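A, B and C are the chain letters, set down in written order, and residue numbers restart from 1 in every chain.
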Amino acid sequence: MPQQSIGEQMYGWATDLFPYCRSITGPGVRQTLQYLRELLPALEIHEVPSGTAAFDWVVPDEWTIGDAFVEDAQGNRLLDFRKNNLHVVGYSEPVDCWLSREELEKRLFSLPDQPDAVPYITSYYSRTWGFCLSHNQRKTLPAGDYHAVIDSKLAPGMLNYGQLLIEGKEDREIFLSTYICHPSMANNELSGPVVTTALARWIGQLPGRRYSYRIIFIPETIGSIVYLSKHLPEMKRRIEAGFNVTCVGDDRRYSYMPSRQGDTLADRVATYVLDAYVGDYDRYSFLDRGSDERQYCSPLVDLPVVGIMRSKYGTYPEYHTSLDDLSLISPAGLAGAYDALRKCLQVLEANSTYVVTNPCEPQLGKRRLYPTFSTLETRQKVRGITNFLAYADGTLDLLQMAKAIGVDFFECAQIAKTLLGHGLIVGVGRREAE
Amino acid sequence: MPQQSIGEQMYGWATDLFPYCRSITGPGVRQTLQYLRELLPALEIHEVPSGTAAFDWVVPDEWTIGDAFVEDAQGNRLLDFRKNNLHVVGYSEPVDCWLSREELEKRLFSLPDQPDAVPYITSYYSRTWGFCLSHNQRKTLPAGDYHAVIDSKLAPGMLNYGQLLIEGKEDREIFLSTYICHPSMANNELSGPVVTTALARWIGQLPGRRYSYRIIFIPETIGSIVYLSKHLPEMKRRIEAGFNVTCVGDDRRYSYMPSRQGDTLADRVATYVLDAYVGDYDRYSFLDRGSDERQYCSPLVDLPVVGIMRSKYGTYPEYHTSLDDLSLISPAGLAGAYDALRKCLQVLEANSTYVVTNPCEPQLGKRRLYPTFSTLETRQKVRGITNFLAYADGTLDLLQMAKAIGVDFFECAQIAKTLLGHGLIVGVGRREAE
Amino acid sequence: MPQQSIGEQMYGWATDLFPYCRSITGPGVRQTLQYLRELLPALEIHEVPSGTAAFDWVVPDEWTIGDAFVEDAQGNRLLDFRKNNLHVVGYSEPVDCWLSREELEKRLFSLPDQPDAVPYITSYYSRTWGFCLSHNQRKTLPAGDYHAVIDSKLAPGMLNYGQLLIEGKEDREIFLSTYICHPSMANNELSGPVVTTALARWIGQLPGRRYSYRIIFIPETIGSIVYLSKHLPEMKRRIEAGFNVTCVGDDRRYSYMPSRQGDTLADRVATYVLDAYVGDYDRYSFLDRGSDERQYCSPLVDLPVVGIMRSKYGTYPEYHTSLDDLSLISPAGLAGAYDALRKCLQVLEANSTYVVTNPCEPQLGKRRLYPTFSTLETRQKVRGITNFLAYADGTLDLLQMAKAIGVDFFECAQIAKTLLGHGLIVGVGRREAE
């Protein structure tokens, strides 16, 4: 059997995870985390009890959903949770009642503008119940009595999340966050956890890893808030750059979500990679935020976290509907996002600041870094090296050096390696300004 | 009798004040201040004796003008101060003599390019005398002998100015300055004192006034210099923003005169109000200055003082001539400037800096600030509130917040009020950098 | 005999110096320095022994070249050093051997794209030998045996340079550097030393000279490195602005080479002079550097050194070939560069920072700086003076003042002189930020 490409592997994991009925709590989350632990044996699965305070929030009761359906008087199941878990409003309270067509109407959600799509609706913090369906189906429901059943449980339980800590030479950290709280949807959300898993496996095998990595799989919003409430001081101290991994599965455009400050190391890395290796992409404003960067970049938190996405949440027509299914994502789409994010990590691992060891240009010739005969042509050949030396004043990291001298980042890193080998430069500590 | 609009009120005051023969000193100034004290009972009228030193200057002798005329040999009054007080050069010394047509010529001022206008000319610090007239009239003066009479007095006396201090909750001050030293001219100058008077009356009734207000009615140049020489340290300590109120009466364009620094709180407020509520206006350079901003923004003084005007002094054809009369200004013109300046004061009163009380987004739902069902549409509804919270990091005042999140200043102020009420933000001290 | 223009004088010196066979060491350098000492009697000629360490470098052996030729079997001299000293590769080791046409080929340098030009080639730090010739000549060389002779000596000796220190009132320095290491080429290099010599003579007679001047005539690269290795601390402490003087002889465009920082006093002066008095010129990036700014602006050295050139080295077709001869430069070309550089020195001598002595505008009238009658026209007349006073807050030097108020630098300097005379401003110390 031929080896699968990384894109096909990720797509396979997404296919496995697609049917699970995730929410911000409950068995679907645990089932997902257990699946991921098969791929990432060091993944820790944590649990936080309902009622635990987290900043302004409290961990809600756990939601368990067994079955849900609407049937007509003849017992025909018109809406069936088992066929599509989007049919039930997330966090619906249990119900078993008969309603008229008019009464049922108040419990239904559909999208007139997207009549084939079943919308994704939740109500985590306000007790209610309801059903979602396509607008086309809604229009066909005849008058008559309906039997609505939701076999759910809302009771004190646990909020679960996964945490994977990978140690590097330094305790400074790169942070990856992705979420596992949406039922059967593919670009938002399963692309996130599968790309993050693939990245985590790559990081785990990265030789000479410099940074430590903090990688979390959480329910969106409440999960990041709970996680921050437990780890904020150490995260502030350690994290140099972070990425919120979401909407990384389709084949369309690349997108960039800046941090609130807009110029952190994470922003500089992400825009460098997108500019240099993707080229054309959509650059959003932090005002367009909508995922966990809302927490990571909030005032008093202010972590350097950005997003590199394919089609951004909220901008593509299938978003938060049943149309965001496995046909929307692809091995190539997943692999493209994986490559861009991995490139960011490679840049971060290699990014350093250097200063020359001597005033004036060094004598390159005696180190065989300079050709014997000085002609216009040969002089241009060593221009990369001499430009690097001319700007290595201890204030520019390699990302800034690459821009200053117009040379690709990884080529700069190669020049740095050569010059370090000859003792012509030394690295200088340069902790990113807050 | 129907209530007058504010524009009509101001126009009425200007009409009353128009005939007074003001100069930098003398009875016309006092007469004007007494009139204004009828409207502003708390107005203090100060006097500074001739000979008093003020920085590089000395308060000059007081000028009293009774009558002035030029008559021909037949006793026909060709130029008559009583008909138009612009006919006599301001601060003319007394004279009573006969001159030939040729000798008279050296004492006459007219404008060949504006042959119908009588120019406004003064000579405060160099003793001389003269008459102003229209160029058309000048051309008709026949040869012959002329009797020139100026019944004036130049003698030690007083320089007068008015000061109105209105206390607020804080001793930090907003500063308004206008001048009362020009004879019968309307846009420059009577629009200034009448708009300032209307603003002062509005301020006096402003509920919950936060700032204290320092409002002065002074002779231009020597008056602002004298006032600064007496009050500079406390003004430097207290004044947060100031406005030089001049040329605020005609119906034409709005104009903006920046402070020398160009980015003080006063500049930010004025440009916000003009951008948001006026739209199209003339933005001048400090190099185009010409009124008391020359003193307030001079080196070693450096107060944050700007000007919002209608047609700026020196730019409209009627400026400093008899054509700048009551027909040039209008109730609507005055009211427009009054509205813009009052908006600036409202912005200043409401402008504060806030910081969130918790890391991460607060839970808006439990405070009924967030709708029950999370859909794309409802999420956009609370975007103003969440954007405010996302940027409330204690570094942006509301003016900067309004720009950052693209929401009108007063709507931002309303959001702030709501969030303060819920304890989700607190105000932080943020004294404008010098 | 009519007096020569400064351009003709410089051209005459270049004509005298043209035939000398300069290199980075050797008799040609000393001969050149002795010639210059005739023009600049205070010029000190220094020597540094071979083997002396200078940062990463070591002063090489001295090269003495007596003769060099290639002759055919019939004794016809095909290439003759005595006819054109570019024919021998600089720093060629001695040789006297017979070669076949094929063996000779490896020792020849020509330019296929410029078939009439003899290229200029050196090999200072790697022992070899070779000949340069036009490509047209190369193509005519028949098969057969050739006799190659280079009568050179490479042995411990001296590296020479000239230093001229001219004291001013202050020990802060202006720095001029030019090089004397190229054989018979005119724009690069003889224009450099002759323009520098003319500037030095002008500086020597400058009345009331404020700055001290450090002027050096050095071999390029190794000379500047050696000089810096002996003088860096005092240069860092004293030098306010410097100019690397090269390629200042032709009639074509003016060029500007910024310092690495790009905004030093030297940059501000050079761009002001070029903008105000030249207008259209080529503005290069520091990435285009190629002369001794490579050393002066290197990290850990970081001196404020820029270049004002005519056609920049490396950009004109005759560069580093026999075509860069006396026909390429002209008295007018040299004089243009001389004028631009002298203007820079005049700006530097006059550039100061001032602050007013009083808050508020001073009373200009009592100092006869203001006209008696205040009209629109007369007010505009004193605008230069009042604008200067309005911006003289102790933060702007005259270069910045000139830009701020839109008045020519030297007119600003004249205003400053007037205001200083009236005690209305005082100079403030303002050492350029590093």
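One rule holds for everything that comes next: contacts are C-beta pairs under 8 Å (C-beta built on N, C-alpha and C of every residue); 3 or more make two chains touch, one makes a residue touch a chain.
Keep in mind that what you see is a predicted model, and the values were worked out from it rather than measured.
Peer 1: Drawing the touching chains as a network, do you get a line, a ring, a star, a complete graph or other?
Peer 2: Basically all the chains touch each other, so complete.
Peer 1: Quick one: how far do you have to rotate chain A to sit on chain C, C-alpha fit, nearest 5 degrees?
Peer 2: 120
Peer 1: For chain B versus chain C, what separation do you get between their C-alpha means, in angstrom?
Peer 2: Computed value for the inter-centroid distance: 56 Å.
Peer 1: Give the residues of chain C that touch two or more other chains, as numbers and ranges in rising order.
Peer 2: Expected reply: no residues.
Peer 1: Which positions of chain A touch chain C when the two form their complex?
Peer 2: The touching residues are 355-356, 358-363, 365-366, 372-376, 379, 386-387, 389-394, 405-406, 424.
Peer 1: Would you mind writing out the residues of chain C in touch with chain A in their complex?
Peer 2: So the residues of chain C in touch with chain A come to 54-57, 89, 109, 119, 121-126, 128, 221, 224-225, 228-229, 232, 260, 286-287, 289-290, 294-295, 297-302, 314, 319-320.
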